Amino acid sequence: MSGEMLRVENVSRRFGGLLALDQAAFFAEQGHITALIGPNGAGKTTLFAIITGFLSATAGHVFFEGADITGLAPHLLARRGIARTFQITQPFAGLTVAENIAVGSYLHHARRADALAAAEKVAHEVGLDAMLGRLASDLTVAGRKRLELARALAIEPKLLLLDEVLAGLNPSEVRDMVPVIQAIRARGITIVMIEHVMQAVMSLAEQVFVLAEGRIIAMGPPDAIAADARVIEAYLGHGAAARMRGSAANG
Amino acid sequence: MKRLGIIALVVALLACVPLVTNSNVVLNFLVVALLIALVGQGWNVLGGYGGQYSFGHAAFFGTAAYTTGILQLHYGLNGWVGLVIGIAAGALVGAVTGALSFRSGLRGSYFALVTLAFAEVLRIIASVAPITGAGVGTLIKLDLRPEAFQFQSRAPFYWIILGFVAVSLLIAQRLEASRFGAYLVAVRENEDAARAAGIDVFRIKLAAMTLSAAITAAGGCFYAQYFLFLDAGIAYGPWISVDALLAPIIGGIGTVFGPLLGALVVKTLGEVTKHLIGDAPGLDLVIFGCVLILVVAFAPRGIAGLLRRRI
Amino acid sequence: MLSPVLLIPAVLNGVLTGAVYALVALGLTLIYGVLHIINFAHGALLTVAMFAAFFAYKLFGLDPYLAAVGLTPIFFCLGYALQRFVIGPAAHGEDRNILLITLGLAVVIENALLYAFRADTRTVNLPYGFSTIEVGPAFLSVPRVIGFCVVIAVTAALYLLMRFTDTGKAIRAVAKEKLGAELSGIDVAHIYAVTFGLGTACLAVAACLLLPTYYVNPHAGNAFVLIAFTIVVLGGMGSVAGALVGGLIIGVVESLCGLFLGESLGQIGIFVIFILVLLFRPTGLFGERA
C-alpha cells in the first residue's frame, strides 16, 4: 500500500514581475517514478529548487511524508532523506570520485573508513568503479552525470530528485543509464525526474506531470500524456494538435 | 598512520636542534620560523582546507597577545593562565567575526575585505586606547621563571613553540582524516553541492574559523611571552596577516606540512635578504610580495604541490 | 556644537573632500564593474601616484595640477601593463588567485616605496596651498575647491567616454556579458587592461589633487583606499553614480565625525560603516545583486 511521499500544493513563485510558477501542484507516490516534463522555461528547475530548499516559494506548501517541509534549508532536507542532482553538474572538482561520493556517505557513516567503503558500493551501483581514483574534473559528461547521481544516492535518500540527469548524453549512454535508474527504484527509492529525453520518460515513468508557463496542464500515465492535445500544443504551439490530426486524416 | 609517523619524525628531528647547537642566532631564527608556521597553520585551516581567504588574521593574533599581556601586566595573572585565556579570546573574535560574515553570506573578495577591515579597526583602537598603552605600547614585566612562562635561555621557548606546532600538525592531520575535514573541503569546492549532501555550510565555516583563530591566537600569546613587547603595529599589523597566508601558500595550501615548509622558506628568504642587502625596512616584504605573486602564477599548489608532481 | 557656523563649513568641506574620495573610489568601482575583481593594490598605486606628483614638484617644479596632465597618461600605461602582463596572466582566471596577486602587488609596491624613501612624511608648500575663498560662513580651501571641480570634469569625461566612444561601448559590453563580447570580436584582455588603466589614471589625477593639502608617505594610500572601499561598497560595486554619491556621503560623515569625535575616532566611524554595509547590504545603494 503506497502513499504520497511528496506532495507539492499550489506553489507559486514570483521573480519581480514574472510569475515563474502559478499554483503548481503535483505529487509523487512512494516507490514510483514520477516524471515532470514541459517545454523550456516552464519552471521545472525552479520548482525543484523550491522543493529542495534552494529557493523560497512566494506561496504554497511542500509536504514530505506528510510533514510540511516548505522553506527548510537544503541540508536539513538531505538529512530527512531528500536527495537531488543538479541540472548543470556540480562536482567537487578538486576531489577524486571516491572522495566526492564519500562526502555524501559521511551523512550516515561518521568514520572515514566506513564512508569510503559505502562510497565504493555506490560507485559500483552507478558503474563508476573504474574511476574511483580519478579527479572529478577529469570525467566526461556521462561520467559527471553518474557522479552526480552517485553523490545523491550516497546520502541514502528515500526520495531522489533527478534534474535532467540524461541531458547531454548520446543515445547509447541514455540506454545505459535507464537500467541504473530502474535498479534504484527497485530498491524502494521514490524518484521524481525532470526530463526532456522522451524515450526515457516513456520507458521509466509511471506518472507524468506536464508543466507549461508555470502551471500544471496535464497529468497521467505516459501514453495518455503523449496523446494529450494540450501537451502537444504546449510543445509545438497553438493549433498543432489539430494540424497533426488533420495531416494524419489526410494520410 | 604513516602520516603520524612522519609528523613524529619531523618533530623529533627538530627537537634535537637545541641539543646540537647553542647558537642564539639559529635558535631565534627557528623560533620565529616555527611561530610563523603555527600562525600559518591556523590560516591554513580556514584558507587552505576551507577555501575562505582571510586577510586579517592579525585580529586573532593581536587580541590573544594583548589579552595575555594586559592580564599579566595590570592584573598580575600568570603567563600560562594568560595563554589559555588569550587563546579563548582570539577564538572568540574569530567566532564573532565569522558568525557575522558567514551569516551575511560573505565569500571570496568580500570576505577578505571584511577580515581586513576588522583587523584594521582593532589596530586603530589599540593605537589610541589607554589600556594598550596607545602609541607607547605594552611591556610585559620581566619575570624569568618557568612558572611565569618566561625562560632564561631560548631552548625552552623553542621546545614550547615546537610543541605548539606539533599540535597544529596533528590537528591538520586529524582534519584530513575526519568527517569535519571532508565537509570543510567540500564547502571549499562547491557550497551548493555541499548543502545538497547534507552539510550545514554555515556551521562548518564557523567551526573552521574558530579553530583557525584559536591556533593563530596561540601564536599571539607565545609572541607576547617571547618578545615581551607589543604595540598596535606589531599585534594587529599587516605583517602578521601577510605572513599567515604567505607561509601556507608557498609551502602548499591545504596540506599538513605546507605552512611549516613555507615558514622556513619565508624566514630563510628574509635572513638571506638581510645579509645580502642589509636591514632596510620594507625590503623583506617586497621580496615576500614578489614571491607570493610568483608562487600564485607558477606554482599555485606551493612546494608540496611541486613535490607531489614529481612523485 | 550644532550651530550652523560650525556645521555648514564641516558639511561643505566634507563635500569637497568627498569628491576626491569619490575619484579614488571611481577607479576601484570601474575595475570591479568590468573585471569583477577587488583591486587590493589600489591604495599602493595611489601612493605611487602621490610620490610621482611629489617628485614632479620637487625635481621639476611642476605644479601638481600641471603634473596631472603628464602623469595621467603615464599611469594609464602603468595600469594597462599591470593588468595585461602581470595580473591577467598570473591569475589563470581564478578569483582566489587574483585576490592574492593584487594583495602581493600591494605589499610589493608599498614596501618598495618604504625601502626607497623611508617612512618620513613629506609635504609640499604651494603658494596657494593655504588660500581660502569665502562661501557664506565657511572658508573653503582653494585647492579643495579646484579638486572638486576637476573631479566633476573627470567624471563627466569618463561618462562621455563610456557613452559615446567605441572603447567605452566595448567596456560596457565586457562588463555586462564577457563571453558575448568575446564572441563579437572584442579583445577582452585588451579591454580589461584599458579599464585597469583608466582606474589607475583616476588615481593619478586624485594624487595631484590631494598633494597640495595632504602629506605623502608610503602608507598614505592605505588611508584612502579603505575609505574608497567603503564608498564602493556603500555605493554599490560597479556603479559610477554610487561612487560619486557614496564619496560625498562619506566625506560629509568623516567631516562631521571629526567635528564631534576627533580625528582617529572619525576613522573608526568609516570602518564601522564599511563593516556594517558589508554585513547587511553588500550590494550597496546602487549596486546590482551580488
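The chains carry the letters A, B and C, assigned in the order they are written, with residues numbered from 1 in each.
Quick note on the criterion: a residue touches a chain if its C-beta (ideal position, glycine included) is under 8 Å from a C-beta of that chain, and two chains touch if they have at least 3 such contacts.
A quick note: this is a predicted structure, and the numbers were derived from the prediction, not measured.
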Identity of the chain that, by mean CA position, is farthest from subunit A: C
Chain nearest the overall Cα centroid: B
Centre-to-centre distance between subunit B and subunit A (centres being mean Cα positions), rounded to whole Å: 45
Subunit A-subunit C separation of Cα centroids, rounded to whole Å: 49
Whole-Å separation of chain centres (CA-atom averages), subunit B against subunit C: 32
In subunit A, residues with contacts to at least two other chains: none
List of subunit C residues in touch with subunit B within their complex: 37-38, 40, 86, 89-92, 94-97, 99-101, 103-115, 118-119, 218, 226, 229, 233, 264-265, 267-268, 271-272, 274-275, 278-280, 282, 290
Complex contact set, residues of subunit A against subunit B: 52-54, 73-75, 78-79, 83-84, 86, 90-95, 99, 102-104, 106-107, 110-112, 115, 151-152, 154-155
Interface residues, subunit B side, partner subunit C - complex: 51, 53, 55, 100-101, 103-104, 106, 108-110, 112-114, 117-118, 120-121, 124-125, 127-128, 238, 242, 245, 249, 280-286, 288-290, 292-293, 296-297, 300
Partner subunit A, residues of subunit B touching it in the complex: 177-179, 182-183, 185-186, 188-190, 192-201
